[in-house]
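Input: structures, listed below.
Both of the next two complexes hold chain A, though its partner changes from chain B to chain C.
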Partner chain A sequence: MTIALDTAQARPKRGFWTMARRDAATGYLFIAPQLIGIIIFVLIPLGLVFWYSLHEWNVLAGSFRFTGAANYEKLLSDPAIGEVMSVTAVFSAGLAALNMSMALGLALLLNQKLRFMTVFRTLFFSPVVVSLVAWTIVWSFLLQSNGGINGLLQMIGVEGPNWLRNPTTAMISVIVVQALKNVGLNMILFLAALQGVPRELFEAARVDGVPRFKQFYRITLPMISPTILLASIVTIVGALQVFAQIMILTQGGPGFSTTVLVYYLYQQAFQFYLFGYGSTLSIVLLVIVGALTFIQWQLRRKFVFYEN
Partner chain B sequence: MRRTMLKTTLAALAVTTGLVAPAFSQELRMAIWSANEAHLALFNEIGAEFEASHPGVTVTYDSLAFEGYVTTLTTQIAGGNPPDLAWLFDTTAPDFMAAGALYPLTDTFAKTEGYDIADFPAATLTAWSRDGVQYLYPFSTSPFGVFVNNDMIKAAGAKTPAELIAAGEWTWDNAIATAATVAATGKQGLVVRDFDFKIWENLAEIYAGWGAHPWSEDTKSCAFNSKEMVDAMTFIHDAIFVKKALPGPGVAADFFAGDAAMTTTQISRASLLPKDDKAFDWDLVPLPSGPVGDYAWVGRAGIGVMANAKNPELAAEFLAFFSSKANVAKLARFFPPARQSLLTADVLSAANPLLTKEQIEAVVIRGVATGQSTQQVQNFAQLQQTVRAGLDGLWQPQADISGVLNSLCDRLNPLLAAN
Partner chain C sequence: MKTELSPRAQTLAYLTLCVLLIPFVFPTWWMVTSSVKPVSQIFAFPPDIWPRAFDFSSYSDVFKIQPFALQYWNSAYIAAIVTVGTMAVASMAGYAFARIKFPFANAIFMVVLVGLLIPSEVTLVPLFQLFLKWGMINTHWPLILVPIFGAPAVFATFIMRQFFISLPVELEEAARVDGLGRFKIFWTIALPLARPALAAVAIFTFLGSWNLYLEPIVFISSSDKFTLPQALTQFTDAYGGPMWNIQLAAATMTAIPVLIVFIVAQKQFVEGLAHTGLKG
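After this line comes the complex of A and B, so read on.
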């Protein structure tokens, strides 16, 4: 008892600012600007959008009336929503498949040790830095029935279709225009991943007589699978948020054939003045993006290879 | 004593630091969809005159892009930053009036000395009022005519519209025949300006000649499948896909750039006519007659004051000044006036030196007097999009015209009934 008392008296009194607390405070200070930004520009707007989705908001009249789940009920009975969702799914799947396969193909080609490779890499990456609107406007001219693409086709004796006026070719056109715009970004990611694959694995496979195609799907694909996961998440989320291309190229037409969810949301909120319903659609978009990202993240256990 | 000194010091500080001046200053901002330099110079001139008689007031014009104009305006309103005044389409005005978004102007116009509201024919005021209250000033009542490239038509060996008019043969059939003759030479025939297979309302310049309307007179049911509309759309479809007289979907052609023989548009576009070595022998003629005989089509725009503007009374006062007889006479250069007293060949030809008195008489004065215009309906934006999507099926060479129009009405009727 005496000994314990002596020990307690001997221990120096600890202040509030212990080393651990000081480190934690420093850490919080470092992340504070980003955290404040996320709260102000992400979380609060997100909360507001959800709040608006529970209201009928007539911008012109300045009225703002709480309607509870009415907008969500309207969503379920909206006759156009099924068509919009299927168009969105086709667009996103088509864009992701085309973008990723093109990017991987280009990365494999540009991973060779040949002359002028830097020039080619720059060339394929350059659309990424071009203004999206300018890029799409140029393509809208190229895709006209008397535009540049059909002019080129005519030179080889082929009569091109009216790209943006037919439901099938309009969808293909917007997918291709968007894929070409961003293919460089995924290409650079894949290129970096390819250059991180150990050469000795290929050398060992070559010694064992493994054909090149087998090398690709037994070595290359598993080794770059973390990058494929990242690229697929980013590409699909980006595809679900496409707007400007649809606005400039097709305005959702012909018919409803290219009316994707974000464009439909824009129409409801900003053209038809239904801000409450528009907010509901944006919550739906958020849920879809979140669910798809979660599924992809869960699938990593099965398909993604990590060395550790 | 100490308190008085404090007040005096604060007042002096406020004056010297310029705090007082902004408190009395007032900025009026008008949203417009023109960025034309000549239009802006004239607007600024009128704004400067108002500023001179209202110290502390500044007038600015916010040129918004024509594409998405209403969307931008709505976004500004939603964001709590509405303009004080705005141009509005006659298709948009009913929604704004019904929602109470506009400030009533009747009293302001009545108390403005010399304004003379009776100078406006009743028909020109109807579109801009609700329940007997005036909400917008009928800014532009602009008839559509046909601009003609005589050089191109003569080179193709066809009769010019002037020759057809002289022979009493200026009909849509003959206009399309002339356009088809030019199109056969590799140029384009007739361009319905700003239609581009999206803004279908512009086809009214043609289908009005068949007596067709998009919806019934009470705006409660669809009229796209009426006999008149089916006949008109069949004519237009044939002109596009069989006679190739109108540029097909996805074909870009600009009359003013010398791509086409004719275009239907408003007289304000005369400023786009090419000059110098690109100039050509041009003419402006009325719309051809259709199965219903001679007719005219008028595009309308109004100017209103936003109800939630910072100072709607002052904005309304400016609008009364802007639309005074003297200013409307100046504006007539670009925007045909609704004021009866100014609707004369003398006033209009002085304001439009490019046009002859005959052209003004035939197209503008007759057009304003007899012109039909869009049937106003609420919720137009949604109807417009539904029709646009529905008519897309029509712009195919093998389209089943009646089938497309019936299907369009199936989509449109519930929306119209709910209005």
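After this line comes the complex of A and C, so read on.
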């Protein structure tokens, strides 16, 4: 206490506005736009979506009444929800697996000491910057029964399917189209991580005669595991949010075969104007994303090795 | 990891890379070349890798069917405002969280971080309701306000905060001793040093806004207010079937400018995005 008094007296008198107080005021001023934005556009809507999910709210019929857990009961008895959830799971798992393995493979290839690697890197990355809807439109053009893909297949004597009209190929198509779009991002992350691995480790391993694939499992993978974890969280959460691709390529069809959760949410809320049920589906999405992020965060302790 | 490869392994590596490249590059190539083919040729068999005849009429038709120039402007000005706005909001908040001591700073940071964990689709219904109440449906306000102040800005703030934490304190301390105020220090010393982080924030914010699709189709209904991604899907004939040549011409016009900027500023682009990922 006496020390505090001493310093206060040592400084020029500023009345109420001491250095610390002025600093605090500036701090609050600096974070105010962000904090107020989060309250208005995230926290309040988050509270509201819980509240709405407890109501039967049909905008077209003009009804809004408290029904408690009725929407959640509806969710459990919704004949479509089982397929929507399994479609969402298959899509997200398939996309994440394809994206991560392609990205890692490409990064390993591009990490070789060869010329023109920057050019290759640029070209593999380029779909990331092509506008998403443009990319998806081209693919819907390519994937038609008489489109470019089947044209190319026919040249080698293969009769291609009607990609987007068959449940199995439709799912494969949306996964591949989306994976190709974004592989570049994970590829760059992995490439940066690979370049951070100390070369001495490999040299030591080579001297000891450790085979190549063993070097990969024992050195490369553990060293880049933090990046793999980060990329997998971002990729899976991103996969759960896919919408435009589904809307443009398949409209969720054929049947419900590509109706992922976000697309179903959009249909219920903004095509059928069932805001109450749409809110319940929003909560489902929130819970899934939250659980996945939590699980992956826990896995970090088990599987991720840091440099020391 | 870098090793000298034998000539044979080199050839193999190049060959593999070229084959793998096809699905990444071919669609863009196909989009551009098909958009200048006469309609009768876009489904030709065998497919023409290079157009046999050139027909640029679909490029002028794009502007006849929809107010495409206006839609282009809509996307451009919204993306510009969102980018500048996000840079301002995120750099200030990021700086404060990293450098200024104020009560509850950590608790508030935790609250802000919630925005990072909530998928934007979760809050779409209440946001629609909110903007309806404010009379902002079918205006560009939701596409500007939410990205600048809402969840997407949190990631930008996070990146800025990480950057400012790594900046040596000594640079600012000298200025403080000279009696410079916080805002002056931020504006004249910290911010100019933060150029790499700001560039990263600018790149992914611009791309995010430019590509936004779900929000525009929820909030906007009249074609003169459409943004590009929304407009692209509207080039359909009387039966609702897509007019491919026109759709591809419009898609080309949407994709090519960003692609050119990317090729010119390739290094900055890739490193900027890698930077954001690694710092996370």
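Methods note: the second predicted complex is superposed on the first by the 271 of 308 C-alpha atoms of A that agree within 3 Å, B and C clash if a C-alpha of one lies under 4 Å from a C-alpha of the other, contacts with A are read in each partner's own complex, and residues count from 1 in each chain.
In the analysis below, contacts are C-beta pairs under 8 Å (C-beta built on N, C-alpha and C of every residue); 3 or more make two chains touch, one makes a residue touch a chain.
Everything numeric here is computed off the predicted structure, so don't read it as measured data.
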Residue contacts with chain A in the superposition, chain B compared against chain C: C
Determine, under the contact definition given at the top, whether A:F141 touches first (chain B), second (chain C), both, or neither. both
One more residue to check, A:Q251. First (chain B), second (chain C), both or neither? first
Classify the contacts of A:L46 with the two partner chains as first (chain B alone), second (chain C alone), both, or neither. second
Quick one: classify A:I188 as touching chain B (first), chain C (second), both or neither. second
Identify the partner contact of A:T122: answer first if only chain B is touched, second if only chain C is, both if each is, neither if none is. second
After lining up the shared chain so the two structures overlap, which partner does A:Q154 touch, if you call chain B first and chain C second: first, second, both or neither? second
Who does A:F270 touch here: chain B (first), chain C (second), both, or neither? both
Per the contact definition in the header, classify A:A231: touching chain B only (first), chain C only (second), both, or neither. second
Where chain A meets both chain C and chain B, residue numbers: 141, 146-147, 270, 275
Please output the residues of chain C touching chain A within their complex, sorted ascending. 1-5, 10, 13-14, 16-17, 20-21, 23-25, 27-28, 30-31, 34, 43, 45-47, 88-90, 92-93, 95-97, 100-103, 105, 108, 111-112, 114-115, 117-130, 145-146, 148-151, 153-154, 157, 181-183, 186, 207, 210-211, 213-214, 217-218, 228-229, 232-233, 242, 244, 247-248, 251-252, 254-255, 258-259, 262-263, 266, 269-270, 273-274, 277-278, 280
Which residues of chain B touch chain A in the complex? 70-71, 74-75, 77-78, 95-96, 99-101, 197-198, 248-252, 308, 379, 381-382, 385, 388-390, 392-393, 395-396
Where on chain A is chain C touching in the complex? 20, 22-24, 26-28, 30-31, 33-38, 40-46, 48-49, 52, 106, 108-114, 116, 118, 120-135, 137-142, 146-148, 151-152, 154-155, 176, 180, 183-185, 188-189, 191-195, 197, 199, 202, 220, 227, 230-231, 234, 237, 240-241, 243-244, 247-248, 262, 265-266, 269-270, 275, 278-279, 282-283, 285-286, 289-290, 293
Which chain A residues qualify as touching chain B in the complex? 58-62, 141, 143-147, 162-166, 251-256, 259, 267, 270-273, 275
